[in-house]
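Structures are listed in the sections that come next.
Both of the next two complexes hold chain A, though its partner changes from chain B to chain C.
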Partner chain A sequence: MLLLLVPAAVLLAVVFVAPMLHYVWLSAHANSVLTGLVPIPNQGANWLRLVSDQRFWQDAGQTLRFTVVSVSLEVLLALAIALLLDQRWRGRGVARALTLIPWALPTTVMALGWRWIFNTPYGPLNQTASLLGVAPLNILSNPSITWMATVLADVWKTTPFAALILLAGLQTIPTDLYEALRLEGASQRTCFLRITLPLLKPYIALALLFRLAQAFGVFDLVQVMTGGGPASSTESLALYAYINAMRFLDFGYSATVMIGSFILLLLLCLISWSFLIRLQRRTGRV
Partner chain B sequence: MSLKLNNLGRRIDGRWILRHLDLEIQNGECLALVGASGCGKSTTLRIIAGLDQADEGSITIDGTDVTSTAAVDRKVGMVFQSYALFPHLSVAANLELGLKVRGVAPSERQQRVRQVLQLVQLEERASQKPAQLSGGQRQRVALARALLRDPLVYLLDEPMSNLDAQLREELRPELRRLVLRDQKPVIYVTHDQHEAMAIADRIAVLKDGQIEQVANPIELYKHPASLYVAEFIGRPQINVLPPEQGVIKAIRPEALKLQAGGIACELLHREWLGASQIWQLDSRLGPLRMHVGSEQTVPESIQVSWAPEQEHRFNARSGKRLTA
Partner chain C sequence: MKTLPVRRLLIVLLLSWSLGPLLWQLYTSFSTNEALITPFANIDHRWTLNHYKDVLTGNPPFWRYLINSLIVGTGSTILTLCIATPAAYAITRSRGTITNVAQTMLIVAALFPYVLLFLALLEVARSLHLGNHLLALTIPYAALSQPLAILLLSAAFRDLPIDLEDAARLEGLGLWSRLRWVLIPLIAPATASTAILVFLFAWNEYPIALTWLSDSSLLTLPVAMARIAGSSIYSVPYGAYAAATVLGSIPLIALVLIFQKSIVSGLTSGAVKG
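Up next is the complex of A and B:
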């Protein structure tokens, strides 16, 4: 029987394990234009550099901020949307289909769209602002607020994905559970807190972990919308790794940044996981 | 003191799925509501519980009109077909939640949960989740929740349909004892005529949202008011003869006797039931089922007949019983 697992294991090894090991190996070598793109072992110098690399830690903080804010907003919004789409009402089928559109759009396309929306002074946002007599907002050139624009675009795009997971979860809850509690005189709110939320928890956890991993690795959205700017204020770890490889042609260090951000993501997942488990233990009590 | 349904009706998308339903169930009486699926029996139950609204007619509980009363104030104890237990809560927490919602103090809650668990003999399962229980135990938890409600009426929606046949037989007397303990009206919905016969004091047979007959099990078996009831009640199923001059005759398989000079039959199949056997016969009147003792051997030529008073006669057009 184990033999049947071989094709899957081989595939996994070739596309996942091998590149990963290669990057670990690469991160222990100097491999850049300076070495003539020949890997030379450098005794952990890349790692020492990473630990004291201010740009790496600044990007890590920015990536974390982006991840935490956008994923929290997404899951909350998705819950509201899923609850709405779970109710019976006219046009629900159409609304369900429409909800998915942002998610179905290629990221580059929608990132360009948002860049245009925020364009100064010709984008729709500033056109509206000027009609209202408000001075143009330089959203994409203000280092302290540009990251919020990227969060907005990410929320717009990926909330449908989280909503889809939560909607699937809602549909697994049998209606007679609500009816049984209604017979006891429970309000809508009690039903939500006592039945919906606890039974939806595994799905919330799933949406959270999926989105966490995706948001932490954000690349295309930032690359197209802001290019990491202004003043690197929206640069993510994935973008930094890309810049190291493609702009500085420093493949050894790029691999180190990638493995480093992978370790940070693992830590983040572990922390969220233990939080979710603690939450799970609290259910089961009246 | 009783539960009364007066001319109850329910219409969905312009079609009456329940119409002219009149029933009265006394305190301490168990009435079974039977019928094929889609006949309106579950709808009736949901209307009584207040989970669905009637479009016509009224419901009175103990003389009070509750037709437009909110579900919670009707004080019904309901057992759902699926049991509707909260999968994330322990057995005790499942039972406690309803009391908490109703604002019962914590100390009293625990005491009452303990008592009811004792009553349904599940004390040692209090801390387990529903998924860890057997089907029969889950059903008892669902019943315990209804009991905790101190209801004025018990409504049981196919409470045994998820259990295997042997367990059903075992649990039946226990279930009847528990729900009739505090002498309240009980409505027991089932699609299984055998179960209805076994558990109920009276049976109401529903067809297409209307009552065909309400009677005690013996009456229903001996004097079915319509061909539908005759075919629904009693297994093996009644033999229905081809219509003759607007009259359909039907004879119970147990009323058929071997008799020389009777209708000549050919034996197609024998079914052994242990204490008795069923013969599937073919005759000029069509296929016949005959219920005979297990000792009976197959004679050279099979000729069957029946006493005229064993014949049930129905109007071929309306299916209603003809009183001879």
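Up next is the complex of A and C:
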């Protein structure tokens, strides 16, 4: 019986475990064009460099900001969409399918679509702005604003996924619970706060955790939409690791950046997990 | 919720938010460059099919990328299912710690931001000369799809009554026959959801395809689109690009509309049962 597990286990070990072990080994070596792409042990120099690498910490801050803002917006918006799609109305099935479309399209494709929307001066946003007399809006060339544009594009693309998970949660709540509470004369607001939200909490936690991990590894969107710019203001950790490997051809340091990012993600997951558990305990439900 | 007009307004808002950027691409793809630069001016040549002509007669023509993505998507789906189905069955039927450990590890792997794996996978591809082979891409894709596929399929196996399999065993059916003739046909809906989710993942995957493929006639759709963007940072040919977006989106939109139920049940059954 366990033989049936072997192909999957081998595949997972080769693709998930082996690379991580390889990175650990690689991060202890200098391996770049300077060494002729031959790995030479360098006694933790990569790690010392990482700790004092301003660009790494700036990217970590940017990745964290991107993750926190876009995931919170996504979950709030997804909750609203799920509540809307949970009600009975004609055409609901079609609407649900249509809202899924952004999620199904390749990220790279719509990343460029958003670049066109924000284009200065020809994109629709700036054309509208010029009609109103407020152009030009240099969204993609202003280091303090561009990241918000990437958040918007990410929210657009991934909210449907979170909305579906929450919708699935809403549909597990038995309707007689609402009827019972309404018989006691409770308002819709009370129903939402006392039934919907507490029973939905595990699903919200699931959506949060999933999106947190995915958003932290953001790569496609940023690489295509902004290339990490302007002035590396939208550069994510994954993109920095990619740039180190593919542009600077410094594989030893790229591996170090990847492990560093992975550790930061683990920390983020642990913090949000313990936060969710404490929240659970305080409200004392589920 | 509230009164009906409010709801109608919310629905309109939701749909324009979801579809607006796409409709803008549709509009862009049929507009002449002059119309794009001066949308409010009064010009004669506002509409054109030239962007589509450019894209379809390019070198390589655009449909080449669609076929490449189709090959990778189909190959990955088949390979994933062949490996994940027996594994899911084994996890369901074995008891105790193995199941728990395996399940926890699968959830962790499903959460893992796989983009971090690209460098090691690239080294594997280089040393085994797997770069620029479309079907070679199905190996990492099948691996990355295993967590989701096994979780979905094992949830489906678990829902089958155990008596059913005992009855088949009493009839003298071996493990292989039980799987082939009894169990696998019964989890067909879960298999369909898994298949479509894996197909979408493989069709859309970017970082690995980006680093494994360099031959321009072998690019998958997402890489080809990004290459158009990277070719010149300051003057992306937006009209042609929009035409490519529309052509590249049609198969996916069709897929979503046709298999909506499978996709939704795939995405949500994991959430409900996990």
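Odds and ends about this structure:
Assume the second predicted complex is superposed on the first by the 274 of 286 C-alpha atoms of A that agree within 3 Å, B and C clash if a C-alpha of one lies under 4 Å from a C-alpha of the other, contacts with A are read in each partner's own complex, and residues count from 1 in each chain.
FYI, contacts are C-beta pairs under 8 Å (C-beta built on N, C-alpha and C of every residue); 3 or more make two chains touch, one makes a residue touch a chain.
In this text, all values refer to a predicted model and were calculated from it rather than measured experimentally.
Annotation for the three-chain superposition on chain A: chain B and chain C fit side by side.
Looking at the superposed arrangement, the partner reaching more residues of chain A, out of chain B and chain C, is C.
In the superposed model, A:64 lies in contact with neither chain B nor chain C. Once chain A of one complex is fitted onto chain A of the other, the partner contacts of A:102 are limited to chain C, with no touch recorded for chain B.
Of the two partner chains placed by the overlay, neither chain B nor chain C lies in contact with A:152. Of the two partner chains, chain C is the only one that A:209 touches; chain B does not reach it. Contact with chain B, but none with chain C, is seen for A:190 once the two complexes are overlaid on the shared chain. Look at A:2: by the touch rule set out above, it reaches chain C but stays clear of chain B. Once the two complexes are overlaid on the shared chain, A:199 sits against chain B while remaining clear of chain C.
Per the superposed model, the minimal spacing between any CA atom of chain B and any CA atom of chain C is 15 Å. No residue of chain A contacts both chain B in one complex and chain C in the other. Chain A contributes residues 174, 176-177, 179-186, 190, 194-195, 198-199, 283-286 to its touches with chain B in the complex.
Of all residues in chain B, only 49-51, 70-73, 76, 78, 80-82, 84, 86-90, 93, 96-98, 100-102, 129, 145, 149 touch chain A in the complex they form.
Against chain A, the residues of chain C that register as touching in their complex are 1, 7, 10-11, 14-15, 17-19, 21-22, 24-25, 28, 36-37, 39-40, 83-84, 86-87, 89-91, 93-94, 98, 102, 105, 109, 111-124, 139-140, 142-144, 146-147, 150, 175, 200, 203-204, 206-207, 211, 221-223, 225-226, 228-230, 233, 236, 238, 241-242, 245, 248-249, 252-253, 255-257, 260, 263-264, 267-269, 271-272, 274. Of all the residues in chain A, the ones that touch chain C in their complex are 1-5, 7-9, 11-12, 14-16, 18-20, 22-23, 81, 83-84, 87, 89, 93, 95-102, 104-117, 119, 122, 124, 127, 131, 156, 160-161, 164-165, 167-169, 172, 188, 203, 206-207, 209-210, 213-214, 216-217, 219-220, 223-224, 227, 238, 241-242, 245-246, 251, 254-255, 258, 261-262, 265, 269.
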